[in-house]
Every structure is written in C-alpha cells, then in structure tokens.
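Structures given as structure tokens follow.
In the two assemblies presented below, subunit A is common to both, partnered first by subunit B and then by subunit C.
Showing the complex of A and B:
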C-alpha cells in the first residue's frame, strides 16, 4: 500500500501534473461557485480533454475538479444565499446571515478552512477503510437506509427549535414535493398532472436556486439596500478570524467530517444529506449557543462545509469497491475511468492501486489548493455584499436563471426556479424554515423507496426495522436526537434552580 | 404542348432527384452531428457513445465533429422523442436501448416515436442474461431448487418496464414460477449487491456484467465473487457449466437480452443513411474500438443497417406476444 502511495505522490509531483491539478481545481472552484453548474457538469465537460491523456493524468485533472467544487459552492452560498451546488445549501443558513452582518470574510475563511480539513479527513478515512470497504457497503440494506432517512428527518425537525409547527408543515410539503415524478418501485409517474416536465420529478438544483437565490433577490428588492446590513466602515476582511474559528471549534469540524465520510460512503445518499445532518446535529449538540443557529453562528458554517468536502473521500468507497457511484460526480468520474479502459470495482483496487493513490493524493492537494485560492481572494469576493441592490438583483437573477437553464438546457427548469423563488420569498416573509423544506425534499424519495423495499423484503413485517444491528443503532440515534435537546434543557433548568436555591 | 412540358419537367426533376442523392451523400456531413445519449452522464450508454464519437468522426471524413449530448428523461423516452422530431437530415443520431425503448410502443403507451419507423444504422453491442444467486446467503443453490421451491422466490430488480424486469417476467412466466419482485433498485450493479446482501434470493444479470464482477484475480477482496450462476439463457452450451433454458426446452427465451442499436430520424435520405451506417459499421469494427470493448468488459456486437432493421422487427414481434404480461407487470408491484 505504501509503495502505491509513494507512486501516487510521484505521479503528482511533476510540473505538468501540478498544472493539471491546479487547472482542475480552478475549474472546480468556478463551476462550484456558479449556481446550477456544479462538479458533475465540470467533470462531464472536461471528458473530451482527457482523451489524449494517460489515465493517471485524467485522474489528477478530475480529482482537482471534484475536491474544489464544494469549496467554490460555499462562496455563493455565503455571499448570495445561493448554494453553488446542492450540498452547500446548509451553508446558507448561517453563512448568509454572517454576510449580512458584514462578516462575509470570516464566513468564507471558516468555510474554506473547514472544507480543506474536512477533505483531508475524508481522504484519510478512505485510505483507512480500503481494507474493510466491502463490509461497510454491505451493512446498508433498505431497512438501514430507511432508518438513516428517518434519523435525518427527526434531526432536522428538532433543529427548527421554537418553530416546530412551521417546521412540520414545511416538512410535509417538502416530502410531497419529493414524491413528484417517476417512482422506481412501481415504474409509474405520480403527481405530474400530465406535465412532461414533472415526469422525472422536481429537480433539486433549479428548486434550490429559486428557493435560496432568487427568493433572496425578491426580498432584497422589497427591502432595498445591499446584502450586508452593517455600516460600510466595518472591516470586511476578517478572514483570519474565520480560519481561527475552525481550530477553535475543532470538534464541530471533526464530527462534520465524520458525517461526511460515513454518509458519503452510503450509495445514493450523498453530500446534501451529509451536510444537513452535520448542521442539524451541530445545532442539537449546542442547545444554548452564543449566537442562535440560523442567525450567523460560525459553527453553522463549519459543520456542513467540513461534511460536504469529507464526503468526496467517502463517496469513493462504494465507487472503488463496487463500481457503484456514491454521488452524481463520482458517477461521471466512473465514466471517465471506463473511457480510459479502467474498469472500476474490485479489479481497480487490486490491479491499479497506484491510480487509486494518485486520486487520493490529488483530492488532498486540490482541497488544500482550492482553499488557499479562496482565502487569497476572499477579501475581494466579500465586496460583493456591498454592491447596491440595483446592480446585484439583475446580475444574480440572470446568473441564477442561466444556471437553472444550463443544467439540462430545459426551459421548464427556469419555470421551476421561478415557482420556488416565490415559495421561498413567502417562507422568508412568514418565517417558515427553508432548511426543513429542503431536507424533506432530499430525503422524501429515499425514505419512501427504502420503506417500500423493506416491506417487500419482509413481507410487510415491521420488525425488520428493529431486529438488525445497524438499524437498531440508527433507531437509538434517532430517539437520542429527539430526546437530547429536552434532556439538556431540563438539566440546565435543574442546575439553574439548584444555583438559585443555593443563593 | 402543355403535357409535353409537364412530362419534360417530371423527367428533369426525376433526373435531378436521382442525381442529387449521391450529391447529398458527397456533401454529407457538412455540419456537426449530435450523438444523443438517452441517459445521464456516467452510465454505460454515456461511456460507449462518447468513446464511439471520435471513430465516427474519422470514418465520416474527419471534417465535422460528433458532439455527444445527454438528454436524459422519461427513462430514455425524451431523447427518442427528440430524435423523431428532428429534420431528417442525419444531423442527429441516438443509441437506442432495445427492447426498453420499444416498450411504450408495444404496450400502447403514448411515446412520441415509433421504433418501427426509426431509420436504423447498425448495432454496436448486445448482452444476454444469466440467473445468479448468492453463494453464501442464497436459499436456492440450483435452478431445480427454484422450480421446486415451496415459498415465494424474491427477486431484487429495477422497476417494472425496465429491460431486466421484462426479461425476468417473461422467463419466470415460461418456467411456471411466480416470484415476488423487490423493485426500485437504480441499476443492475445495485440489485446484484442486493442479492449479495440477502435482500432477495436471486436475480437476472447480463453475462458481461457478471464476468466483469468475478474476473478479479485476488479472491479475498472480490465482493461480487459471492454471485453464483444457476441458469443461463441460451440455446448453446453454457459458458458457466450451469443448466440452460435451451436444455429446458425453452428455445424462444434465447432472444431475451439487450441490444444497443443506433438509429436516426425517420425519413432520412437513403444516401445519407447509408453513409452514416457505413461509418458506424467501420467504427464498431475498428480494431482499436474492439480492443477497448473487450478490455472494459463491453464487447462489441456489430450488425449492419439491414440486419439491425431486421432485428428490431424480430424483437418487436417477440415482445408484442407478451403485451399483456408486460402491461400487467406495472400493476402487479404494489
């Protein structure tokens, strides 16, 4: 294994390889930052460029792209309230309020640093689990997928805090949105009202673009001013504070990275769920924060950003072990490998360990490189939040709509973005949590599919959910996540009462 | 006089038409050709289409590019509809997934295209099936065990209407077994994994995929090595030393499988179609392309335009016999 690792480092150390990696990383940053484009598009677009390359060179280029997209995506999430790619959606919850308070530099600094460290932890985990990959992937069967989804839904419900009723309403609507379209179990199309666009379901990226970016522009248009509400003499570049905050809150970063790696390794779940779970768990672990979550708590940026970069390493576990992509990006990456005559799966792990480690090293270096670029430019990027609404609204709206269109060159997606923009605006206006809505859309289909499959496997016997080791563990985590905030509050109340009694 | 002029005009226009056919072929292609992909990036169709592009370019004279374009949606229907609506000038081609793409036509669903009218250029690849179980977790070790089973067999599979599901439905119907399908898996590699995990008893798998999964040299790490064939769908001798459907007297079943056939817009002028078909055949039989296919476990199975057209007709006639089973399969799964 060490020989393969050294070979990976040697492959990457030539100037040509480093240039490829830097190019991939910059493309990844740009495609990540522009809403709607994302890493999947970047990898797909770069495929023809790799035709003339050696397989390891193609791997370096693609590794550069994959490790940098979510770092790029965090920039637009923080500055414009628009997740560049879906997994960055959770970053908007605290990143954007920070930008509104004039702390965009700090948020970008924290986000980028958490991304780099998360990415490195994810890759280290990948290397560590290579020998036991098979066991990990085989642990997850439909009942476990279902329990994982339920855990996610409960965690997010609890994190809506005092807005529990609004949280439940939006979660139900979100689940219903998630059910629209083609259903794999029955091969039937549901709730499409005969509209061809809805046949494949409501696509997440245009919906998120509407829900976060355009709705925010409508809100800004109504309010006026600029994104940053603070006085213009506030120092904009507090990047180093952001970097420091990650080291200060290292446990948030480590837990987030753990979520990213673990959930990334489960095929079909992906970075979005990892980032949301990491965010909501962080909010639960910290019931009495200095700054409320959703109002600009820096830990609310660190948690999802470390998770969505760590998932790059995690999602390669099923990709390399079984040839089953853990995410959309890795699906395209699989295609690249096949084009170069490399068949992913066990054979790759056994016969081409040098290539696996070239990828590992490329992912690590690119995660760090992308972060350095972002940290270097954050000062200038943060100026975006000072731009007057008259300039900002048309620019962002156009970029967002082009992003929604570019995804599938489908005008219907632009309509979806518009519809979700108005839903998003009314949610802002009437204080309904967009977090719950988004996570319910993402988890809706996984919940339904895995429940249905579990029932088919067990002949409608519900005990399948509580008679298997991992599902019991996930059930226990779910109960814990529901009870933990109340328990913590009660303990605190008791402590306060005791202190008062003593006084 | 008028009739003479008319006759003359008709004669002239006929000559012009006949003469213009080779002229069209000489000119063609003047513009880039879009090679549509009916599924998203990353899958088998995406990979093989993108790999084929540069060869097609070479055999079409190298002046225009072959632009691969993913147009996923409606389980492949969207791209076929798009192709059917283009101007018939050879500017768009698509690799069809047969019999999957024919199903809406067979069961009488509104499809927006008709596979019987597509101009077929040639076949690129094909696959045939085997039935596999898990060596460790499978309850039924042989096909005889399956046929004698007292409890209902469970089969993890993609959804009703997909190629694997259709083949399963027809096969088990012919063998008199009524299994329960655990549907919803996104791909064959995922439902194969389902069998290894014990989600169900057995499943249907393309031979190529199976060979790819088990061809690994080292034993200890090969997860898919747990898959064990118990029945091969063929009229020949089994490659894996297991019983075949032919031996069981089910000769008709040998057609079950998948064919990747390239087609263009109905009504494309013959000269253009021939030129495209010729370039496709040369591409698919190019030694370099053949070697690539073998290396990645996707061997080519070239057929020229006439044979591919004949094959589509045969597939259609075969599957239409099972129209009721296929249409009902949607309702059977809860």
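Showing the complex of A and C:
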C-alpha cells in the first residue's frame, strides 16, 4: 500500500500532472460557482479531453474537478444566497446573513478552509478503508452483488427528496436503458429495434453529456434571464478571521467531515443530505449559541462545508470497491474509468492500487489548491455568477456536442447526446431525478449479470437472495430504505401534533 | 376522479413513459427466456408504479393517499413546492427547434461551419447582443474548438454529409 501511495505522489509530481490537476480544479471551481452547472456537468464535458490520456492522467484531471466543485459552490451560496450546487444549499442559511452583515470574507474564509479540511479528512477515511475494502469485496458473490445493486438503487430513489415514486420509476427506466444492445451472457442483441446505432448499447459518455450538460442548457434557455440577478458588490475582507474560526471550532469541522464521509459512502445519498444533517446536528449540539443559527453563525458555515467536501472520499468507497457509484458525479467518473479500461472492484484494488492512490493524492491536493484559489480570488469568482445564459448556452452546447462526437468519431453519438438531452430536460421539467436514472443505467448490466449468475448457482431458485447472511442483511437495508419516507412522515406528523398540543 | 388542468402535462409525461414500458414488455417476448427474464421482471414492476404515479395526480382521496404515502406531501403541497418557472409549450418548442437545427446543421455541413453560425445566431437573435459581441463569441468558440480538438487532441471533426457526398 505504501508503494502505491508513493507511486500516486510520483504520478502527481510532474509539471504536466500538476497542470492537469490545476486545470481540473479551476474548471471544478468555475462550474461549482455558476448555479445550474455543477461538477457532474464539468466531469461529463471533460471526458472527451481524456481520450488520449493515460488512465492516471485522466484520474488526476477528474479528481481535480470533483474535489473543487463544492468549494466553488460556497462562493455563490454566501454572496448571492444561491447555492452553486445543491450540497451548498445549507451554507446559505448562515453564509448569506454573514455576507449581509459585511462579513462575507469571514464566511468565505471559513467555508473554504472547512472545505479543504473536510476534503482531506474524507480522503484519509478512504485511505483507511482501502485495506479492508478488498476483504469486504471478497465476501460478495453474485447474489450479494445483486442485492447490493438493488439496495443502491432503492437508496438513491429514496434520497431523491420527497419523490420516492418518481425515484423508483426513474431507476427502473434507467435499468431498461441499460438492457439495450448486445448482452454478452447469451450473445444476443436486444431492444435495438433494428437501429444499428443501438446494437452495442447506449453509449454511456454521449448519454451522460446529453443528460447533464446539454439538458441543463436547454433548461436555462427555457427559463431565460441571467444565472443570478443579485448584485455581488460585497466587500470581501477579514478572510483570515474565517480561516482562524475553523481551527477555533475544530470539533464542528470534524463532526461535519464525519457526516460527509459516512453519508457519502451510502450510494446516492450524497453531499446535500450530509450537509443538511451536519448543519442540523451542529444546531442541536449548540442549544445556546452566541449568535442564533440562521442569523450569521460561523459554525453554520463550517458544518455543512466540511460535510459536503468530505463526502467525495466517502462516495468513492462504493464506486471503487463495487462499481456502484455514490453520486451522479462518481457515476460519470465511473464512466471515465470504464472508458480507460479500468474495471472497479477487486481487480482495481489488487492490480491498480497506484491508480487508486493517484486519485487519493489528486483529491487531497485539489481540495487544498481550490481553497487557496478561492481565498485569493473570491471577489472575481463571484462575478462569474452574473454571466448571461445567452453566452453560456451556445458555447457549452456546441462544446458538449463536439465532445460527444469525439469519443468514437461517430455522428450517431451526437444524436444519442441530443436525445438524452431532451430526456434530461423533461426529467428536470417534471421533477424526476436524473441521478437515479444515471446510476441505474450504469448498474443495469451489473445487476442483470449478477441475477443470471445467481440463478445459475441456485438452479433457478430465487431463495438464494434471502437465505444467505449478507443477502438477508442487504435485503433488510433495502426494506429499511424504502420504509424511510413513511418513518419520516410519521415523525413529521408526531412533531406537528406535539406543536399543536403545546399551543 | 379527474386530473386538474395544471397537472396534465405531468400526466402526459407519465403516459408516454407507460407506452415506452409497454413497448419494452411486448418486445421482450420475442427473446429467449434467459434474455427476457430479468428485463421482464423490471418492466412489470414499472407498470403499477407508473399507474400509482398517475393516480397520485388526480384530485381524489386515493390520489392524496398515494401522494402522502410516497412523498409525505399532499398533491397540493407538491404543487406549492413545484418549480415556479413558467414554461410555455411554444417557448419549449422554440428551444427544441434551435437545438434540432444545430444537430441537423452539424449532420449536414459539419462542426466547423456550424459552430460559429449557431453561436452568432443565438447571441444575436435570442440574446439580443450586438453584431460585434456576437461575432467575437462565435469566433472565440470556433477557435477554441478547432485548437483544442483538431490541433491539440488531433480529432478529425465531422465534416458533414455534404462533404462526404461531394468530397
């Protein structure tokens, strides 16, 4: 493991690698700061640039993007009350009031430092888990893989806010998309409807480019206006006070990072839930604060920011160990790995530990680098959020389509990207989660393969899924995740009844 | 039991998905049992879920119960939380036409001529920018695409079907 870590550091130490990392971090910061774009769009758009790269170079570039996105998102959350990406939403509660009180610099300093430290803690947790990851993966045979995929899909569906039904439907449609094309278990081409383009299946990269990058542009075009109307002429000073406040409130940062790592490791739950939970826990831990939460308490910035960056390390645990993405961003990142011939799971952990550690080092360095950039250039980054959508839409759309084409230099891929752009737009329009859809597409083939292998092992006896220890545990987790919305509703009803009784 | 006017677009969307799922199920039966077993299971789970989703849109007691069971919100609360952006069909069709024209343009004349034309037209006619500003961004975008993809990454960008026919 130590050798792999050294190799990871060596991979990152060349000037070319550092340039890639810096470029990835800057793109991540910019896409994170501009509301409506986000890290998934950035990773999807950059995929074509990695085609000619070595796998470790592609990993460095993507690691840079992933680690920097939520740091960038905190700028618009604090200055404009508009989170750059969803996980920064909890930062607005105290970040924006601080900005209104003339303490924007302090909030940005605290947010950026908490992000960096949270990111580093998340990555350290990932490193700590790597040695036992191999042993855990070996416990999984096809029935367990099948149940894990089903649990992952249900957890992701449940995590899509208050739309469980839509989440489940989207997961199923995503699985169906994953069935299209050549099925190597039986050497049959299925659901291609005689269209040659579909014979090899829906190509993941053009589909993701359409689903995230172009669909967002269509949505922006329909909505119109500028990305943010708010003025951002805020005085940014006292950044160092913010940096110091994180060290002063180190326990808030550590607890937030713990939430981020732990929740990030649950497929699909992601940074938003981690940030909100971290924020509410902080508010509960501190019942008599000096400054009320929601009115500019600096701990209300530190808690969510440390959580949403720590989740990067956590969400890579299921991605690298089982090929089950922890978030949309890691789903697209998984596409990058597959594109470069890297198969997640036991093989990756045994044969390509150097790549895993290259990613670990890239995430760590990028988290720190992005923070330094934010601390230095916060004022100018805030201006980005005022870019007119009419400048963004044509340029991003064209570059995305060129990227979709560049994968196989096939014009059919442009059509795939175009079709998925519309699917993505309608999912935004009718509030169906694209994250669930994406992860289901990725999981489609793994799920079916594990199902078939399980049927072969058991001689077509379905009881194999609920008679083995680990399978039963995963089945229990699946039921628990599906029951979660009902449990939450009951809690809400009870709380309301209690409040009414008190009145 | 009826679906209120403002929820009808969602209902049409569900019906389209339902049609796709039914097509998927029907198509599955032309494959061998091994090939269709898992996809069919998935397809058959989708149908009741979609019907429940459709029922949840109705202004009936059962609709409310389904909505509350799956989302902890009544249909009314879901409406209140919906994206407030007003989207008209005409507005959406116009954007789809722009995007469709871009893809058709790429198919016919290729990326290099199509990119600056699309960026310029969008900036000028949708964004209301001046000729100069639109031209600057159009030139900037095509230079970026050409330098990055053709020169640095050495991809041969699609030249368009016309060039294939006549070239």
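Note that the second predicted complex is superposed on the first by the 274 of 503 C-alpha atoms of A that agree within 3 Å, B and C clash if a C-alpha of one lies under 4 Å from a C-alpha of the other, contacts with A are read in each partner's own complex, and residues count from 1 in each chain.
Heads up, the rule we're going with is that a residue touches a chain if its C-beta (ideal position, glycine included) is under 8 Å from a C-beta of that chain, and two chains touch if they have at least 3 such contacts.
The model shown is predicted, which means the values in this text are computed figures rather than measured ones.
Contacts of A:395 after superposition: subunit C is touched, whereas subunit B is not reached. Legend: residue contacts after superposition of the two complexes on their common chain; A:200 is shown touching subunit B, with no touch to subunit C. In the superposition on chain A, A:341 makes contact with subunit B only, while subunit C stays out of contact range. In the superposed model, A:406 lies in contact with subunit C only, and not with subunit B. In the superposition on chain A, contact is made by A:452 with both subunit B and subunit C.
Shared-chain residue A:169: touches subunit C; no touch with subunit B.
When the shared chain is aligned, subunit C comes close enough to touch A:190, but subunit B does not. Legend: residue contacts after superposition of the two complexes on their common chain; A:142 is shown touching subunit B, with no touch to subunit C. In the superposed model, A:430 lies in contact with subunit C only, and not with subunit B. Overlap of the subunit B and subunit C interfaces on subunit A comprises residues 48, 51, 183, 185-186, 188, 452. For subunit B in complex with subunit A, the residues that touch the partner chain are 40-43, 46-47, 50-51, 54, 70, 72-75, 154, 158-162, 165, 180-187, 189-190, 193-194, 196-200, 212-213, 215-218, 221-224, 292, 295-297, 330, 333-334. Of all the residues in subunit A, the ones that touch subunit B in their complex are 40, 43-44, 47-48, 51, 134, 137-138, 141-142, 182-188, 196, 199-200, 267-268, 321-325, 328, 331-335, 338-339, 341-343, 345-347, 349-351, 408, 449, 452-453, 456-457. Of all the residues in subunit C, the ones that touch subunit A in their complex are 9-10, 13, 17, 20-21, 24, 27, 31-32, 34-35, 37-39, 42-43, 45-46, 49-50, 52-53, 56, 66, 68-73, 78, 81-83, 85, 87, 91-92, 95-96, 98-100, 102-103, 106-107, 111, 115, 118-119, 122-123, 126-129, 137, 141, 144-145, 148-149, 153-158.
For subunit A in complex with subunit C, the touching residues are 48-49, 51-52, 162-166, 168-169, 172-173, 175-176, 179, 183, 185-186, 188, 190-191, 193, 214, 218, 221-223, 388, 390-391, 393-395, 397-399, 401-402, 405-406, 409, 411, 414-415, 418, 421-422, 426, 429-431, 447-448, 451-452, 455, 485-486, 488-489, 492.
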